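Chain nomenclature is as follows: A, B and C, assigned in order of appearance, with residue numbering initiated at 1 for each chain independently.
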């Protein structure tokens, strides 16, 4: 079966990582837009949340889809991690990386796993939070906790690192590599993750430092 | 030894097609019943293997490296000639034929050279179809350049890596046949012997250099494509593994060796800089298009080149050859460089170099233009020597580059052993006494793609060959002989290395002897002295070479020792050949044969022949035979570049 | 001309089955104009003179084009200089007193045969799977019947410059052969001659690459950084695209 062959080939797995990565990236774009409303006022934010949850079918479909994408990204990623470790484990007595700034690419599996841990905490904190409490209240409650917020900020830092390799890597895997656009891509690979970091971590920072005490 | 060239009769333009028609064929359905051994995977070997396998023969191909793609054809930089006349500058098959035969100083067979020029066009078509990325004009047509002083632009090229790209094309074709199972590829095998059964070549004995195992391989036909023997000089531009062993063993089994003293010395190489040096690096000849060659006027002038004023410089090529100047042919440029250094005017720490100066070209055309043209060569030079040719003049010196001599072959490329063919640089070839730039690639591919298959079909079609097993006596004998020789080489190593010599030490000694006495310029006294000296080095080798390790493992010292042992024997026919050829021709100057202006003087009355050497047995002087060269279509003329 | 003194730690392994280990050698008076391989020659002459086994290493043309030589020097394939093979790396790039750790190219697909000498035949098998245009000798159209834009030919040449040394695999954290494979796929995909078999070639070569046990690509870019011919990972991007197109159409 061609699809199985595709899935088991090295480039196939890469393409799956890139495709699921792209979908997750798009999800992050919507999520960051939603979160940005927090900075406007609790009313706007609550309004956005209410509007979203007034379409349960859409939310459910998207949630399930997202779960599937996450699972694929995680499972294939871990499988690749395991496969590559088998090939590369301490091959050389002296191991030198020639590429500068290779930290992000070297730590992809670790930042990824850290994000997974974050995800669990995040979902339990927000998605399965008691329905009786307004979401805007939950946000304030949880993130006012210093360590909880710090954990969030660390996770967003990990996301930044993960994406600072992942975004470029995704495009490369899709075959987007052209001298004319490579500088642009290199810039976007920093700017986009930085933007995510500022908005996401900004929320945590906002509540953690007490700036949002009157929210 | 009978030397029948089998050159077809009839008009020059018809010879090849007549010959193809009169040659016998093998029915396509029958071809799979025949097996062919090809030794070597350079341009000639890879293209021949692929072509024969495509036609349906069972091919076994052998190479010494870990992959067929590593053969030394890969290092050719400049390009490949063809008589396409794409540039509309007056080229034609006849002109390429004439240039080649004249460039070879009228020491090649007319019929062969014409055929080479004829098939040159097909080679380009073939390579383009394979996806060789030749340089293109902006309109998408193939680009050409003029090369090695040719009056027309007929050289096709792929940056400075033409040999690489052509070889990868042939390697691709070979790989395709390996994949289909029609070629069985044996890598890391060194050929040790040709097995001759009832007067016909029926197989080879090889050593697996990974395991030391000696293997026999049987076939109906054996093709040698094992390259040249430039490494007899120790230092040359050849790859480290290039050797004479295969050709030499064939010679000892009865194949005539033609013109062994015809060696081409390339004028623009990076000079030797120390005793540890393992090889010489060629810089493309195109540098002479813009560089000016000079040395200081006075002996022993050790000033820096920038400090030597114009009035103290001797632009000896421009002064001596006003019409060709720095673009004189390779042999003239090489010889003059050596001459200047022999006068003591050489430059650099060793005094064995001349300047190649781009200062005037930079002044005339600007830095950017010159850098654009030669930037990659300048970088390569700077990488090796740590000096920037944009600032300081380059230093160059001649180095051994190509060997025109080789196994004697008839028009069908068959040696004097029936069933044993030689193609590419390995045969004595179509280049006469001197090869033109960008013609080696052409000849290798012509032999492999377009000529050898016809010869093989004719041979198989005209001879009845008995089935034979690799356990037959001649194979067992050959194996035993190879084993004995290796044991003999290893025997000195018992008892440690004290007081013994390494292979390289002896090889260097041989190299110096050959370079000093049998190099660009030779004379009777020097050659006779070398002939005296050579057996002493040979004795030293067999009495006291030290080889670490055993025969049953990877043993690179042992591999080298085997090759040096053959060079030591081979050197003798080189010297004898140089001694017998009392004329200056092509690449070499016989000092006794000069014009009044100290230029090379050819002697067509006495030496218009190919000298072919026959092995008469160990410890016996070899016998020389002559194949007279008859010129029906060209009139030999003395070259003049004044 | 100056000279330097070095400490070499070289991987010695008598054969594929044996366990290897590092051995340390002191080498004095190395001329800085020597190439790295000439330095190893000097070591080998010295070892031979002492009656010890010289270090086995692959090498041939010694001008950086045959792709036969290669070792990992202080963790970097082909040593610290950019865009050179080991034979074109000169000793002037080292300082007296340096300790050089010299290891063979390591990969699951490259069995070590002896010391620094490895078996890279897996790369040949990738090419055999489809790295060519299937034309027989003879009967090809005139070379100029197929115009190819100069830029396109140059791009193809950029990819075709690969010398098959295998340093890309040796330096890849995952031991992937993507750069090698993509260079050939790219070259032929860029040229009109390669169009007929474009899809089958991409599928066959990638399948063979996977079968040989090379690793996966994680876009670490180490291959590009050590490639002696400066082959760009743009070729890998192109191969990914080629593979995707091929697999969707006829995989």
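Methods note: contacts are C-beta pairs under 8 Å (C-beta built on N, C-alpha and C of every residue); 3 or more make two chains touch, one makes a residue touch a chain.
Bear in mind the structure is a predicted one, so any value in this text is a computation, not a measurement.
Centrality by C-alpha centroid: the chain sitting nearest the overall protein C-alpha mean is C. With respect to chain C, maximal separation of chain centres occurs for A (centres as means of Cα atoms). Each chain gets one centre point, the mean of its Cα atoms, and the points for chain A and chain C are 36 Å apart.
With centres set at the average Cα position, the gap from chain A to chain B is 62 Å. Mean C-alpha positions place chain B and chain C at a centre distance of 27 Å. Listed in rising order, the residues of chain C touching chain A in the complex are 9, 11, 22, 72, 74-76, 101, 103, 106-108, 171-176, 178, 206-207, 209-210, 213-222, 225-226, 233-234, 236-241, 243-244, 247, 251. Within the complex, the chain B residues that touch chain C are 47, 50-51, 54, 65-72, 74-75, 84, 86, 122, 124-131, 133-142, 158-159, 161, 164-165, 168, 171-173, 175-176, 178-179, 187, 210, 237, 239-241, 273-274, 276-279, 281-282, 349, 383-386, 449-450, 453, 496-498, 502, 504-505, 546, 548-549, 553-554, 556-557.
The touching residues of chain A, when paired with chain C in their complex, are 2, 5-6, 8-15, 80, 83-84, 86-88, 91-99, 102, 105-106, 108, 165, 168-169, 172-179.
Those residues of chain C that touch chain B in the complex are listed here as 1, 14-15, 31, 33-35, 37-38, 41-42, 45, 47-54, 56, 58-63, 65-68, 84, 88, 90, 92, 113-114, 117, 119-121, 123-124, 127-138, 140-144, 146-150, 153-154, 156-157, 160-161, 163-164, 187-188, 191, 193-194.
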